[in-house]
Amino acid sequence: MHRESLLQLFEQLRTGAISTEQAADTLTHLPFEDTGFAKIDHHRTLRSGLPEVIYAAGKTPEQTAAIFQRIAASGVNVLATKADAAHFAAVQTLVPGAEYHALAQCITLRQAQQPRHEGTIAVVCAGTSDLPVAEEAAITADLFGGNVLRITDVGVAGIHRLLAQRPLLQTADVVIACAGMEGALPSVLGGMVGVPVIAVPTSVGYGVAFHGITALLSMLNSCSPNTTVVNIDNGFGAAYTATLICRGQQKK
Amino acid sequence: MHRESLLQLFEQLRTGAISTEQAADTLTHLPFEDTGFAKIDHHRTLRSGLPEVIYAAGKTPEQTAAIFQRIAASGVNVLATKADAAHFAAVQTLVPGAEYHALAQCITLRQAQQPRHEGTIAVVCAGTSDLPVAEEAAITADLFGGNVLRITDVGVAGIHRLLAQRPLLQTADVVIACAGMEGALPSVLGGMVGVPVIAVPTSVGYGVAFHGITALLSMLNSCSPNTTVVNIDNGFGAAYTATLICRGQQKK
Amino acid sequence: MHRESLLQLFEQLRTGAISTEQAADTLTHLPFEDTGFAKIDHHRTLRSGLPEVIYAAGKTPEQTAAIFQRIAASGVNVLATKADAAHFAAVQTLVPGAEYHALAQCITLRQAQQPRHEGTIAVVCAGTSDLPVAEEAAITADLFGGNVLRITDVGVAGIHRLLAQRPLLQTADVVIACAGMEGALPSVLGGMVGVPVIAVPTSVGYGVAFHGITALLSMLNSCSPNTTVVNIDNGFGAAYTATLICRGQQKK
Amino acid sequence: MHRESLLQLFEQLRTGAISTEQAADTLTHLPFEDTGFAKIDHHRTLRSGLPEVIYAAGKTPEQTAAIFQRIAASGVNVLATKADAAHFAAVQTLVPGAEYHALAQCITLRQAQQPRHEGTIAVVCAGTSDLPVAEEAAITADLFGGNVLRITDVGVAGIHRLLAQRPLLQTADVVIACAGMEGALPSVLGGMVGVPVIAVPTSVGYGVAFHGITALLSMLNSCSPNTTVVNIDNGFGAAYTATLICRGQQKK
Amino acid sequence: MHRESLLQLFEQLRTGAISTEQAADTLTHLPFEDTGFAKIDHHRTLRSGLPEVIYAAGKTPEQTAAIFQRIAASGVNVLATKADAAHFAAVQTLVPGAEYHALAQCITLRQAQQPRHEGTIAVVCAGTSDLPVAEEAAITADLFGGNVLRITDVGVAGIHRLLAQRPLLQTADVVIACAGMEGALPSVLGGMVGVPVIAVPTSVGYGVAFHGITALLSMLNSCSPNTTVVNIDNGFGAAYTATLICRGQQKK
Amino acid sequence: MHRESLLQLFEQLRTGAISTEQAADTLTHLPFEDTGFAKIDHHRTLRSGLPEVIYAAGKTPEQTAAIFQRIAASGVNVLATKADAAHFAAVQTLVPGAEYHALAQCITLRQAQQPRHEGTIAVVCAGTSDLPVAEEAAITADLFGGNVLRITDVGVAGIHRLLAQRPLLQTADVVIACAGMEGALPSVLGGMVGVPVIAVPTSVGYGVAFHGITALLSMLNSCSPNTTVVNIDNGFGAAYTATLICRGQQKK
Amino acid sequence: MHRESLLQLFEQLRTGAISTEQAADTLTHLPFEDTGFAKIDHHRTLRSGLPEVIYAAGKTPEQTAAIFQRIAASGVNVLATKADAAHFAAVQTLVPGAEYHALAQCITLRQAQQPRHEGTIAVVCAGTSDLPVAEEAAITADLFGGNVLRITDVGVAGIHRLLAQRPLLQTADVVIACAGMEGALPSVLGGMVGVPVIAVPTSVGYGVAFHGITALLSMLNSCSPNTTVVNIDNGFGAAYTATLICRGQQKK
Amino acid sequence: MHRESLLQLFEQLRTGAISTEQAADTLTHLPFEDTGFAKIDHHRTLRSGLPEVIYAAGKTPEQTAAIFQRIAASGVNVLATKADAAHFAAVQTLVPGAEYHALAQCITLRQAQQPRHEGTIAVVCAGTSDLPVAEEAAITADLFGGNVLRITDVGVAGIHRLLAQRPLLQTADVVIACAGMEGALPSVLGGMVGVPVIAVPTSVGYGVAFHGITALLSMLNSCSPNTTVVNIDNGFGAAYTATLICRGQQKK
């Protein structure tokens, strides 16, 4: 499509509809707009057909709300991650329809019909403390059009609890595995399923858990070759990639 | 299928074909065999339909060759990764049909018809020094039945070289991005395609490249949310997951 | 000039205007004065012709204000960096003409005519969250006499946004590139311009962003050889060096 | 017993059998002897009733052989760990009855009747590459008088292989679990048995396996509370403590 | 016993008391129950005969109290570790009989007769600041049925204080050694006793004490081979393993 | 002297003044007393003739005050380091004569005549922000009987300021050099004086100053061989060793 | 100029000289050529007017020689860095005119008239062991057209040696400061000159020199604000940026 | 004395013996000479009266020999540290009287009468493997004019061996304590003596000994306040400072 618009542009030029100067200008004109402190890029949405996402942690409530409102105005669904109560309060003032998910620290706005894909994304977590990250993944995966399967509290020290979930796990197209501490869950899960496992280290634990670093290192060393890894507590990123995997499957 | 064999076992028990003691014994009998120093697990092959893989780096040439021969005897395709010339010499003695890929440090044996999947896997690398890892990924992806697209030497400091590959990149179902040093390639690539990018940090660089750690950290922090990461130099793992993604798409 | 004053001193001695004892004393007498807790060094200002700078972060509001006032009394322009609201309140009491830049956490006092240099310093940042550091650089570069070009929110995951700024970038004599997370911006920028790029890692990101360390390591490994690096969040230092580069050019 | 000899010494003093000077001298006289470069401490053997152990890695073959011979002369059993072929060659020259275990890199001398204890020590390892460390543990545990149960190649990515060993595992009084890479084995094992698990990280793996550090961190974060950890590759230390645990049980 | 229930199940199947489908279902049914956010596993208690333990740090007061109450309802003793005053307030509301140990940050509930074992567990700590961790170990060891010997403030810089405790130390079956800073205590202790020493690094110290990491590394390098190590501040884990060691001894 | 009391004890035994049992008991009796949560060791004071010191940071105000009072009761001088206002408030209630040094975070009690030594201890610091640590060193050195020479704000980036202090520096018997950031001061100082330099890294700086770790590493790598190093911010330890050096000189 | 060729292209299109398809193709055609394993980018040379540079360390002698020859064929000057004797032997076979600089591990080919710039680049190093890195910088700076001033062995522990070079240093337009160990040189230098200082940490030192990491961290924390930093041992990068600074000055 | 020569210089100027130009030149003339690759600084020897020292590790045998010869020619004693057999062979060719100490990796030349000081320096080491570092310290301390007391193999795990050395230790004016692994020796030693303890971490150990880093961290956290620390394996530096301490004492 990009090439098509290029050819179209050149056709306009060849036929004299636009000048060479105009052509050169147009060529560098790309669909993002400037809000002063942030260039909102509608490109990704156009290209991916997915909701717009705001990473709230590094922004003030006011910045977050302004960006949220600007995007919402274009009619698409919106997701803000790592948003605390103050972020939500600011957003809600400008966009009353926004919804807050306290455990997952997410703000969502559903105003458009998001096309569903047929894939099933299992979001598995090792312990109660991993739930915030798992929920971020689950809410993202759901908002992005997938079927979400939540399986919680199946740490490897009670291996029978995990094995009991095998039938359920085998219905998934992708597995997102969230774990802190020793981060062993993806290795065991990886051996139980024949689909990609996206490992999300969580900042759960104490002492040499190092706020998720040990889990991260453990996951990168997984002896299950169907495992890939994202940043600590990055449930959103895992769900984003999981969605692309499922959508790719659907497309074919 | 697992459940089927379970039901079948129970049926034998119910009809008296086997005793309860035999049933209990059978239940814990699983299809792996013992070579003395390594239990070869035919389970994964059965389950995944993929070639068997041996990680040679931690093994002596003799151990590698013995395992290679044992697996080869079952008629499947075989892949050994991180294998040096000594490993290959030992393998070749026992399995004359094995082939060595010096740049990628891989040994392959093709003796069975591997079902192809329709997916296209782009293997992209930033510099000449990243080629060994990229080749490990490419050889694995090819042996596992995929179409492989090799794009080399497109580092981000010469962004026009990478942009020139956009049309090619957009035919891929998955992108494997190998880069050392600052590991910025996956971030840029992630913004150029709408499919999953599997980032492979390589141990290329010096000083604070830290043998791939900087690239790894950089990739885990990628601002492109369609990026997941594997261990340093783990081209095989990236190709394994890429294959699963493509096969899942084909299945549907 | 240093040598000149030396010769002058010796001439006074040779002619008997001063004693040998006085000469020895004078020789070790250097132009800094003691405020009790801090020796203020007027040497650097004399030598460089640049405003005096106070690093406020490690000082109490009272210490900061006292040093600020003392320097201001000598009639030069003053800059305090990493200053919070409390620092400013204390300074304002003693030096009413001081101005606060909240986003950049800088206090400035403009009371002298700062000679302008002809150089253009582009201050580029990857995301909204990098703005405080970028602003510290921009305010410093401006106060020190340069033309500042602010280019914001041009992260590498949306490479078209960055490419769109190429014409602007090519007017710069030095580029200051601020980025957190994977810190890939300077590598791409470095390939786009033919002038020095000073990379400023920012403490933006989470998990293995490690408060800027990953960005720092990434920048030090940049495959663009025109890149040098300063400490995390050190926008001031980048602007200081950028100013020296431009002034050197002007001098010739 | 220490107090007894003290009382005995004082009795000799009280009865005039020795002088106060002699008493003071005796009191500081302790049973170790000086070989020039190493004080051999027979105290530990006396106290523990266990063979003497030499850590060969930090010593030259000549030093190792000299210490080995000196200890052997006292009639006890001897163990040297982390000994390479050169160490063994030197030892064998001086102590012909010594035996070399190449895989475990251990030299043993059995010349005394080591009292057996009734405990069973299971030495479990995740992969073929972990065998050297596991063997060091097994040879130590055997030489120190225990029943050793070797269970190899039961990594967590093929969880059925590990589960198949449950009956065997439940006969153990202590479990020594050796694993590299992600080091997840002890966590799973810990949930399967009701006895202490001593985790031994091995330097197996590549990239961010960091020569065993990731496995070590993982094990220290184990969610199984019956897990304690020793240094990387320290099979000997694990077996030493395992022996003490079993002997304590026997004593009662 | 597990095998017994298996044989029983199969017998039911053989005699037609249940269908093959029911058998397959039953086989995967395991005794844990779902509280919504946490699967409580009664398996471990059944298997170990030890009180149930809740790690409170990663949970809200409400979650902690709900789990505490649920477990308490089954009549067993309960322990919650790393619990602050807010956790206790919530628990006390639901379970009035619970008791708070402020120094150790533990909540205990004693409602069942815990079988005592005959072992003596010495809990030794280097300084006053290590007391919270030592107390967590002591309270756990006591609740789990052991005789606890508290020896405090015997750092190695005043070696005579430690040596004065030798007679007491020699009555212990296991020694738990808690120390921060340089963590040298276990090395000295290990040479003084002939039983296992479980080393607990504490987060005491400043500068390069690194919140317990230096003590941890020091302990893992202990030259006393009877030392094993747990995570920083993990007094509970040390006491858990110490209990298993003593119970194993008693069993024989 | 220790040996003398031993001989005396034995003489009592030989002459029947005490029984062998009493002798054994006495031998293990050593002069420290138990306050419940801390064994106060009067041994060190007896041996060193220096004031008692309490490290307050790891203790509650109440614990600190109780220990302070107990020690003060024996009539000696007392020093508490890393004490905040709350610590002082608690101490002052029990020991009205105690004095607070807010910048240095020290509490001192002077009630005994501390013997002075003739040594001069120069306490040099690089910047205003290093003053708290330098003051801790200076107050300690003074309380312990030395002549203290304070030289402040002589960072290496203004080398003339440091050189101007050379005459003063050359009167010192020991130099304590406090610096944060790049910690270069001791290297330059070490080349300027012919006496021991004790380097104290401070936690001053930001970004990769890593709270003093960079300064620490820098100091340990000093190319001046008369430099030794203490823990980050450990002004007290530096002054303690400096005092011993001066006292040793005086003794001769 | 880039825009000019764009306008020219569009003019050809408008006038029918080329088709729209050809225009689109041309637009993505960029001047790099493919050697199979490496895309040689003539773009940078065109843009910068500087010699081509090959980083040899990550390449085989054969790869290095092939690339060297290919570039040499275009008539420009060539530089290969981090090249050992084997690299040079291979290059010399294909390009007889190449020259080897053993200390600096550089290969140079001078066949074109490199335009000189008027700038003076001082290359300063702290010790003899830093010479290889300093020489890499000096050879690069010279080949790139600058006046190079070598000042060696002026470590900060002998500050008078450094101060003696002040007159020389003040003639430089840029200073490149190479130092290992504690890396303090740039901080002192930075205070002595009024021009940019580019700090190059070297891998010189032992123990906690950490192969240059300590020097790197020290330099990033420099209290001299005119300091920027490059990767460890990256003499080439420092000289590249220094050249750009000087050329910018000349241009004006 | 420095001031004296200054006054003398000025006197010459005042009396017309030299011109002002000559005075200025002389002032910057300092006593070091240039060997091409290394400025030999006779200043330190003049000032300290100690032998010249060469750090051989970072230099080629030829460089080492040339510097050694040049220094030897001035008639002073010479010491080269971290010198291997190749270094010595080269030195011996040029300076036949040089002597090699293989264990300590030191080359010494004794040709001048070194003034002895009266101090006693105890060099204590924990194990046989620490001997090379301890010997470097002992040889240095001896060459620099002190009485050296070698106490070896007194690790803290056999505390009675260390306590037996107490009488000897109490004759020392300074204690140098060398230890690897957990580095606990200085803490225990520090409590046993009333003089400064200089701790030298050694690179002895494996796994998380981290080539001496753990010992270093442990020593920096020592609870004995009379402990200061030098770089890993830096026996020379410890002896240098120990000598200054003893000489200071003697001077008084």
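As written, the chains take the letters A, B, C, D, E, F, G and H, and residue 1 is the first residue of each chain.
Note that in this section a residue touches a chain if its C-beta (ideal position, glycine included) is under 8 Å from a C-beta of that chain, and two chains touch if they have at least 3 such contacts.
Protein identities per chain, from UniProt: A, B, C, D, E, F, G, H = Nickel pincer cofactor biosynthesis protein LarB.
Not measured: the values here are computed from a predicted model.
**Student:** Which angle of rotation, from 0 to 180°, maps the CA atoms of subunit B onto the equivalent atoms of subunit G, to the nearest 5?
**Tutor:** Between subunit B and subunit G the superposing rotation measures out at 90 degrees.
**Student:** Could you pull out the chain whose C-alpha mean position is farthest off from that of subunit G?
**Tutor:** Centroid comparison gives E as the farthest chain from subunit G.
**Student:** So, what's the distance in Å between the C-alpha centres of subunit B and subunit A?
**Tutor:** 25
**Student:** Please compute the C-alpha centroid of subunit B, do the same for subunit E, then give the distance between them in whole Å.
**Tutor:** About 41 Å separates the centre of subunit B from that of subunit E.
**Student:** Multi-chain contacts only, two chains or more: what residues does subunit H have there?
**Tutor:** Touching at least two other chains: 3, 44, 127, 158, 163, 191, 205, 207-209, 213, 216, 220-221, 231.
**Student:** What is the complete set of touching chain pairs?
**Tutor:** A-B, A-C, A-D, A-E, A-G, B-C, B-D, B-E, B-G, C-F, C-G, C-H, D-E, D-F, D-H, E-F, E-H, F-G, F-H, G-H
**Student:** In their complex, what parts of subunit G are in touch with subunit A?
**Tutor:** Within the complex, subunit G contacts subunit A at residues 3, 6-7, 10-11, 13-14, 16, 20-21, 23-24, 27.
**Student:** Quick check: in the complex, which residue numbers of subunit B touch subunit A?
**Tutor:** 3, 44, 47-48, 53, 118, 166-167, 173-174, 191, 194-196, 198, 216, 220-221, 225-231, 236-238, 240-241, 244-245, 248-252
**Student:** So in the complex, which bits of subunit A are touching subunit D?
**Tutor:** The contact residues of subunit A facing subunit D are 126-127, 155-159, 163, 181-184, 187-188, 190-192, 205, 207-210, 213-215, 217-224.
**Student:** List the residues on subunit G that touch subunit H in their complex, please.
**Tutor:** Touching subunit H: residues 127-129, 131, 152-154, 158, 160-161, 163-164, 166-167, 204-209 of subunit G.
**Student:** Under the definition above, what is the set of subunit E residues touching subunit A in their complex?
**Tutor:** 28-30, 32, 37-39, 41, 43-44, 57-59, 63, 82, 201, 203, 212-213, 216, 231-234
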